[in-house]
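Next come the structures, one after another.
Okay, so subunit A shows up in both of these, paired with subunit B first and subunit C after.
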Partner chain A sequence: MAFGPYFLLATLEGLVTASILALTALGLSLVFGVMRVVNVAHGEFFMLGAVLAWAVSTAFAGHPAIGFSAALLVAPLVVGGAAFLSERLVLRRLDYNPEATIVATIGMLYIIQQLALTFYGADARPVQAPFNVRIQLPWFGYSGYKLFVIAAAIIVMLGTWLLLTRTKIGLIMRATQYDRETAQAFGIPVDRVYGGVFALGAMLAAVAAVLVVPTQQAHYLMGRDPLLLSFIVVIIGGLGSLRGTLVAALIVGLSDGIISVFFSPTLAKMLATALVALVLVFRPQGLFGVRTR
Partner chain B sequence: MTEVRSNATRIWLLHAAVIVLLLAGNFLLPEYHRGMFSRALVLATYAMGYNLLFGYTGLLSLGHAMFFAAGMYGAGLPVYHLGWDVPLVFATGIAAAGLLSLAVGVLALRTTGVAFMIVTMMFAQIFFLATLYFTTWTRGEEGLVLQPTTRAIEFAGNTISLSDPSTRYLVALTLFAIVLLVSLRLVKSSFGRTLVAIRENEERVRMLGYNVFATKLLAVVFSGLVCGAAGAAYGLLFGYVGSGFASSQYSILALLYVLLGGAATTLGPLVGTLFMFYVIDYTSGLTSAYLLLVGVVLIILILFFPKGLLGTIREKWLPWLP
Partner chain C sequence: MSGKLNSSFLTGNALSRRDALKGIGAAAAMTTAPGFVRYAQSQPSTPIRIGFQAHRTGIGAAYGRWYERTTAAAVKLINDGGGINGRPVEIITEDDGTDAARGAEVVEKFANQHHVDIVYGTLFSHVVVGSAPAAGELKIPYYVVSEGYHVASGQMNRWVLQPGITDVRAQCHAVAPWISQNVGKKVTMIYPDYAFGHDHRDFFAPAIEAQGGEVIAKIAIPPTETTFTRYLPQIPPQTDVIYHVMVGPAVLTFVKELGEFYGGGGPKLFGFIDSLEAVDLRSPGLEFLEGSHFWEGMARYRQTDASEHEIAYRDTVGLDDNGASVNDKRDVSTAGHMFGCWETLHVIKQAMEAADYKGPEDRARLVEATEAISELPESLAHPQGDKIFDGKVHQVFGRQNISLVENGTLKVVHRTSIEDGRYESDTDYTTQPL
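Up next is the complex of A and B:
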């Protein structure tokens, strides 16, 4: 194959990876930014979204688009509800102590993973794409659904950005992020904001999972890679910086495909992890972040 | 003064009694439980190594499985591929863990708090992936089985086989007892008190003129050496070296054992490990999902008993408990 078509294909696949990753990492970044909580269970919320997407879409007969739309609505809501509950019952009682919350979210990780294994099983199961269109590009036909994933991710991210910058809820969230105590003094119910942010973060992961699951199967261990990659993205982009998260997701998503051509996937993961650990050691504000307070 | 002296006597008596009780266990415990205890003793040693860093120094690492596994592979690979003697590979295992902890410590200690946790987790992940990547030597997840003939020590004309249940128990106990007494000695020393001071107020310790970085680095290396010794012993005693021991789950187990038994108590790791071993053993009849149990126990502990079993006892009844 000539360079041109190959490059286009790699770019498109990279963009799909990047958009899913950006959504997932955005959730992690939001939770860390506002609450200063490192949510190790974030990948499991992603997995839960995918598994629920399978459950919901198989419950609907008829055209796959009906089941998929239902999944896109139901899965994030259920995941958000579960996240909200776990925030109320566990994280809030820990007073958001950074170290205690990491231990608690590790506990959640195990619980969610094992519950998925018990009730969903160890099989990987496919979800049908809502539509099956091939879009003819200069050299080859490309799945219309994957282009839809990119578009949908952009829309969700735009929505989140508008929510954060143009609405009162967003203003409240940013105020809480900037200075928790002053926000509280101005009558912002910081406590409830935290519950909402944690749920929102998990919902973003769930949306990403529902979008991705027609292109890869739902499996109870599928939360591992998104967790690692989201960490990488959030750290490179600067902890808590949304713009950095987006840029880093594009870089990681696009380079992921290219790197895995040259190296074995295991070696690629090793190199990426080492690189990111070193970023955290030598440039803790991230590659694009600014040193804050 | 007499108060202090009687406390010191009490402490030594308590630790000696624990070791003697465990020694009696070799002769009194039924075969199945003796096997459980042998494993638990080695893992409790691993947890004691973790406790030095997490409990006493206040550095929460999420990557200690790499030190355990470094000891295990440092001992297992030379036995398997080169046929080296057991005492020699035990030393290479410890040395491997020591070198790794030195390198990781120098880098990771530049960060603090949450970043330290993530960085250690990432280094451990790299180590884990490395055990999968170099599958030619490690055979990845399948692991290496060390044959009983390679796990024997020639000593004064006799052959001591580490696959014999009684020998295994006694070797595990010896390692445990040595580490227990050394760490008891350590936490009572001025070095140990510096560690606790760093945990309580790092800035003040620095202001008093201590080299905080060097002290913390020493704690990381010491903790790595103990964990490496436990890993090497585990591989040699139970004859299996696999990448599963390098996975993040083993890092979390050390944290769980220490939290459960009581962070910054010398006997807490043993209590936590034994407790968890038997909880999993009893519930394994009900459910195979033991990770679910690990998750639930972690959350309950961090929510309601952040001081663990012995930590709570120390707070309420026995303030002299080290």
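Up next is the complex of A and C:
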């Protein structure tokens, strides 16, 4: 294949990875930014979203688009609910102590994973894409659905950005992120904000999972890679920075796509890890992060 | 967990594995261990205990489920027919998580806690490779159903045997002539990047070269990969045939993305059914496979000329005409491989009867009796077809099926001879001490 089309394919693949990654990492970044909680169970919320997408979409007969749309609504809500519950039952009781919450979320990771294994099983199950369009380019064919994933991710990102910058909820979140104690002094129910943010973070992961699962398959171990890559993105972009997360997701996703296609996927992961190391050495707060107060 | 352990035994085990091994490694020492006496004396009514190392979870779970079902069906058949040496067979299943390290632990658990007679049933090659040293140290016969070449390669030890399924080297060797004559000569290989895939890589290339063909590209994919499109541009445009073999939970994605990439055009495909084991051939996105070929160890779809033994086997395991579970047509089997469990258990029966196996003290004789087996005629015990077991390499040789995708089902169009899969080997396990 000539360089041009080869590069186009690599870019498309990279953009799909980047858009899913951006959504997932945004959730992780939000939770850390506002709550200072490193949510190790984030990948499992992603997996839960995918597994629920399978459960919901198979419950609907008829055109696959019906089941998929239902999954896109139901799965994030259920995952958000589960996250909210775990925040109330676990994280709040630990008083959001950074060390304790890391250990607690590791525990949640295993609990969610094993629950999925128990009730969903160890099989990988396919979720049908809402539509099956193959776009034939002169050099190769490409899944139309993957282009839809990119568009949908951009819309969700925009929505989140609007929520954070243009609404009162967003203002409250940002105030809490900026200074928890002052926010509390001004009558912001910080405690409830935390519950909401944790749920929102998990929902973003779930949306990403529902979008990506028709191009993969739902499997109880699928949360590992998104977690790792989200951490990479969040460290590079700067914890708590929406813009940083987006830019870092694009860097990691595109470089992953392009390097994977031209060289090898292993090299892509190595370079991403090297980038993390460099960022940690030379700019520990991340590319767009601000030093915490 | 076995509750029959006494505490001193447990303490010894917890202190150091080696100490525990010394304590129980030899059969004589075993009989002195309290709690084991029952089995050492082996009353005729005591069951023969077979430890089944199953991939219940992890990337091999779909295979594991069907390996368990096939095993249960074969054991029921054996027990209904009077068991082995008049004793019933009992299967003790442990999940290895399709993980090599866990596999070795499971083998030790079988020997030290469950006190099984033999260990059996492993599929994934990295688990076999990880578990085999433990079986050798514990001197417990380890019957694998794995396809990997590692047994025949001589890398394992005398306690590891593969009498129920052919190995990858034989499969490559047997199908290469047919591929070069019927599909094409310039081959690009896509395979998983670990032991099993490397067997394909190492043995298909020489086999096709011997037929005047060549492998023009080799694309290794990590077995945990979830997306594949990025690998596909590496397929050279002059490729005649894409030889694909993939494993793990993402196989359907792999084949789908291959279809998206090429559409109806592109090189011809020759796949190992591993790429679609436990996956419905009529899944959306797989239409492009029509007209392509697959290797199958045993036919998934009931063939019009199926033998009476094959039909009886399918009915006993619970397969419908499409190779799915009779209880759930969406639950597609791993028919291309799981017959190996059935046949291995029957080989174990045959060998135990030949060795007049009484208990763990006869384990060495059991290995020798298995090595002494050579011809395995087609029968209910061997429904996949006749086979020849080579006691020196601890590997069985049999026929391979090449099937055509036709109307969304697989139709066997060629069946190789046993000789097609035979290869020269220097391995001779029988010279190793037991």
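Everything that follows uses one rule, which is that the second predicted complex is superposed on the first by the 264 of 293 C-alpha atoms of A that agree within 3 Å, B and C clash if a C-alpha of one lies under 4 Å from a C-alpha of the other, contacts with A are read in each partner's own complex, and residues count from 1 in each chain.
In this text, contacts are C-beta pairs under 8 Å (C-beta built on N, C-alpha and C of every residue); 3 or more make two chains touch, one makes a residue touch a chain.
Note that the coordinates shown come from a computational prediction; the quantities given were computed from them, not determined experimentally.
When both complexes are overlaid on chain A, the residue A:L117 reaches subunit B and subunit C alike.
Contacts of A:T266 after superposition: both subunit B and subunit C are touched.
Contacts of A:L221 after superposition: subunit C is touched, whereas subunit B is not reached. Using the contact criterion defined above for the overlaid structures, shared-chain residue A:L9 touches subunit C, although it does not reach subunit B. Shared-chain residue A:Y142: touches subunit C; no touch with subunit B. Of the two partner chains placed by superposition, only subunit C is touched by A:N132; subunit B is not.
Comparing the two complexes, residues 117, 266 of subunit A contact subunit B in one case and subunit C in the other.
Listed in rising order, the residues of subunit A touching subunit B in the complex are 36, 38, 90, 93-94, 98-100, 102-104, 106-111, 113-115, 117-118, 228, 231, 235, 264, 266-267, 269-270, 273-274, 276-278, 280-282, 284.
Put simply, subunit B touches subunit A in their complex at residues 60, 62, 107-108, 110-111, 113-115, 117-119, 122-123, 125-126, 129-130, 132-133, 252, 255, 259, 287, 289, 291-292, 294-299, 302-303, 306.
Residue ranges on subunit A touching subunit C, taken from their complex, read 1, 6, 9-10, 13, 17, 64, 117, 121-124, 126, 128, 132, 134, 136, 140-143, 215-217, 219, 221-222, 225, 257, 260-261, 265-266. On the subunit C side of its complex with subunit A, the touching residues are 56-59, 61-62, 64-65, 222, 225-227, 229-233, 237, 248-250, 252-253, 257, 260-263, 278, 283-285.
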